[in-house]
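Please see the structure below; I have some questions.
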Amino acid sequence: MTPQQDAGIDEAPDYADFPGGAKAALEAVLMVLDEPAGEEELAAGLGLTVAAVGTLLAELQREYNGYTGKAPEMESASNTGIGSSPRGFELRNIAGGWRIYSRAEFADIVGKYVLEGQTARLTQAALETLAVIAYRQPVSRARVSAIRGVNVDSVVRTLAQRGLIEDAGTDPESGAILYRTTSYFLERMGISSVEELPQLSPHLPGLDGIAEFYDAGTM
Amino acid sequence: MTPQQDAGIDEAPDYADFPGGAKAALEAVLMVLDEPAGEEELAAGLGLTVAAVGTLLAELQREYNGYTGKAPEMESASNTGIGSSPRGFELRNIAGGWRIYSRAEFADIVGKYVLEGQTARLTQAALETLAVIAYRQPVSRARVSAIRGVNVDSVVRTLAQRGLIEDAGTDPESGAILYRTTSYFLERMGISSVEELPQLSPHLPGLDGIAEFYDAGTM
Amino acid sequence: MAESKPGFEVRLANFTGPFDLLLGLIAKHQLDITEVAIATVTDEFIKYIRKLQQLGEEWALDEASEFLVIAATLLDLKAARLLPAGEVEDDEDIALLEARDLLFARLLQYKAFKQVAGILGETLHQEGRRFPRQVALEEHFAAMLPELVWKHTPQQFAALAEAALRPKTPEEPPRVALGHLHGSNVSVKEQARLLGLRLQQESPLTFRSLIADAGSTLVVVARFLALLELFRDRAVSFDQLSPLAELAIHWTAQGREWSAENLSEEYEEQL
């Protein structure tokens, strides 16, 4: 299938002339990204349709993960590396964008080379605060501390410094600063939106009314 | 050939247990390496001999470039993607160091992608980060991040890319990379040394208090 | 987890707040809240504090005061739980029941967040094993970047640095965090002053009469804590003929200069 030109793109290169075609061009762009890129962004940059980019991304993802089953009728025609073993890296869709990561299995080896930027494990207090903010966002510090039963000011400050949460404006009623999680948080969690967080309800047995109950209790 | 242990490495992982083996492990490292790495460095980190690393590097390089000729006697045994087309990236040995680059053929496409959305101005976040580095140099990203209250990793990368700041060695205690401003920065500021920067109010906190706060940030 | 060593194995420093400790204690004792023996927990706590002292560590006032709050909460929960359900007679009983439900609900909610926090922590750890490719731009691309527009004078740049380096003023006016309360601010010190005045006029008084006019459970807890503080200051003594009998409080600070101002400030933050 020939990639079609988007209306907004002045000219799409003819990828047939390139070694590896449009897929390799996409791969070349993925190599220079320093933050996750969305499909629209990649499509616009490459002069391809979003659908075509989506197909190519999925194909690259499968290739990097290694094909295990062989499809004999395709074998001779295909040049996508069928039957190959997994690569040392993977392509993942995280926080709404695609990006190349080293494969988790090699963490100990890769970690020796990229010590910088690796963050220490969060404390229990930080994790709990982060959890409350993630599930109740946007949320004020007062509410978070109501749920946790302790003052959370310094933990909130640290989480903001680590780029995991950010200011989300003020509460129209109380004027308190509200907090939400950042896309860096999603990235660190390896998910593309907060909707992918595990459901809270199974951990809250039979407490349907708790939100109102709780709200009535806040100042 | 069994990978042999280097003298300096306490134990080499058993690569047979990893998906893709030692080659994938090497690939994982190469994919996230920011600067070219020599064969000795790679061998030490992976717990392989320099010769083994050299063989694997050559193999990866051939794979990325795409095999064109088929070697029938190897075809069934090999799982290295024989007969595959070139990838969008290539492995190059420049000045004694290996690094993965986007394939030269795609330079125009990649260049256009990179330049898209690039502005000639620094963002407010970048300016503030630069100001903190200028007045507190040499300083690590962690400290700048503590002062600014947000994660500054990508901004620091942008400033380094713009030639305004550079690596100034590592902190002897934490091992973190320290940054300082460059002579290009002085040039743009129209001054001949950082001493010529206007004095700041003496009441501003120095780094000591910040460091304490950050390290005690208990995450 | 904490089963291996004797003594107060629940190290308070490892808990991140009263709910956390409460959950820990309930789980540890595998008991319904009504069966948590406060005396056992107290004994363990005292043992723990003594051990700290032997080790030459600071007498942790924070831990002790937090423990008092928790003990009071436990007592409160327990008292509410022991109320025969069929015999709700007055507003006080209903208030106690409501307080109990609220506490249980909040405890369960906290438990749920604690569980998902565990999942989050595990995910973050696992994800930390993958490293993103975020390499410096290849030189020939970096060279293509448009020349930087720079309009800042050194003075403007210094002003920028001043602003960035100035300690961030707290976004909200500084105040004691009360978010975790389900009532208004109650000061232990204030309650102590009030109890002191009352006991100086008439002594002994029963605990029941001292809390008769308490508007909420929180005030009862505050007065209870205030009495403990007064006891520590040797301003009052307690007199109880048998367990669960009427508790009589005697004022023993006669002739001595006594002021609520000397009381510890800790509770101002705790309550």
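We just call them A, B and C in the order they show up, numbering each chain from 1.
By our rule, contacts are C-beta pairs under 8 Å (C-beta built on N, C-alpha and C of every residue); 3 or more make two chains touch, one makes a residue touch a chain.
None of the values given here were measured: they were computed from a predicted structure.
Asks: Report the chain closest to the protein's overall CA mean, measuring from each chain's own CA mean.
Replies: A
Asks: Would you identify the chain whose Cα-based centre sits farthest away from the centre of chain C?
Replies: Following the centroid criterion, the farthest chain would be B.
Asks: Where are there more C-beta contacts: B-C or A-C?
Replies: A-C
Asks: Determine the centre-to-centre distance between chain A and chain B, using the mean Cα coordinates as centres, and give it in whole Å.
Replies: 21
Asks: Which integer distance in Å separates the CA centroid of chain B from that of chain C?
Replies: From the centre of chain B to the centre of chain C is 45 Å.
Asks: Using Cα averages as centroids, what's the distance between chain A and chain C in whole Å?
Replies: One centre to the other, that is 36 Å.
Asks: Of all the residues in chain B, which ones touch at least 2 other chains?
Replies: Residues 31-33, 101-102, 110, 114, 149, 154, 157 of chain B touch two or more partner chains.
Asks: Which parts of chain C, given as residue numbers and ranges, touch two or more other chains?
Replies: 131-135, 137-138, 141
Asks: Under the stated contact criterion, what part of chain B meets chain A in this complex?
Replies: So the residues of chain B touching chain A come out as 13, 18-21, 23-33, 37, 45-46, 66, 79-81, 83-89, 100-103, 105-106, 108-110, 112-114, 116, 141, 145-146, 149-151, 153-154, 157, 175-177, 214, 217-219.
Asks: Which of the residues in chain A end up touching chain C in this complex?
Replies: Of all residues in chain A, those touching chain C are 30-35, 89-90, 92, 99-105, 107, 110-111, 114, 118-119, 121-125, 127-128, 130-132, 134-135, 140-151, 153, 167, 175-177, 187-190, 197-198, 200, 203-205, 207, 210, 213-214, 217-219.
Asks: Flag every residue of chain C that touches chain B in the complex, lowest number first.
Replies: 131-138, 140-142, 144-150, 152, 154-155, 157-158, 160-168
Asks: Given the complex with chain A, which residues does chain C contribute to the contact?
Replies: Result: residues 14, 16-20, 101-102, 105-106, 108-121, 123-135, 137-138, 141, 171-172, 177-182, 184, 269 of chain C touch chain A.
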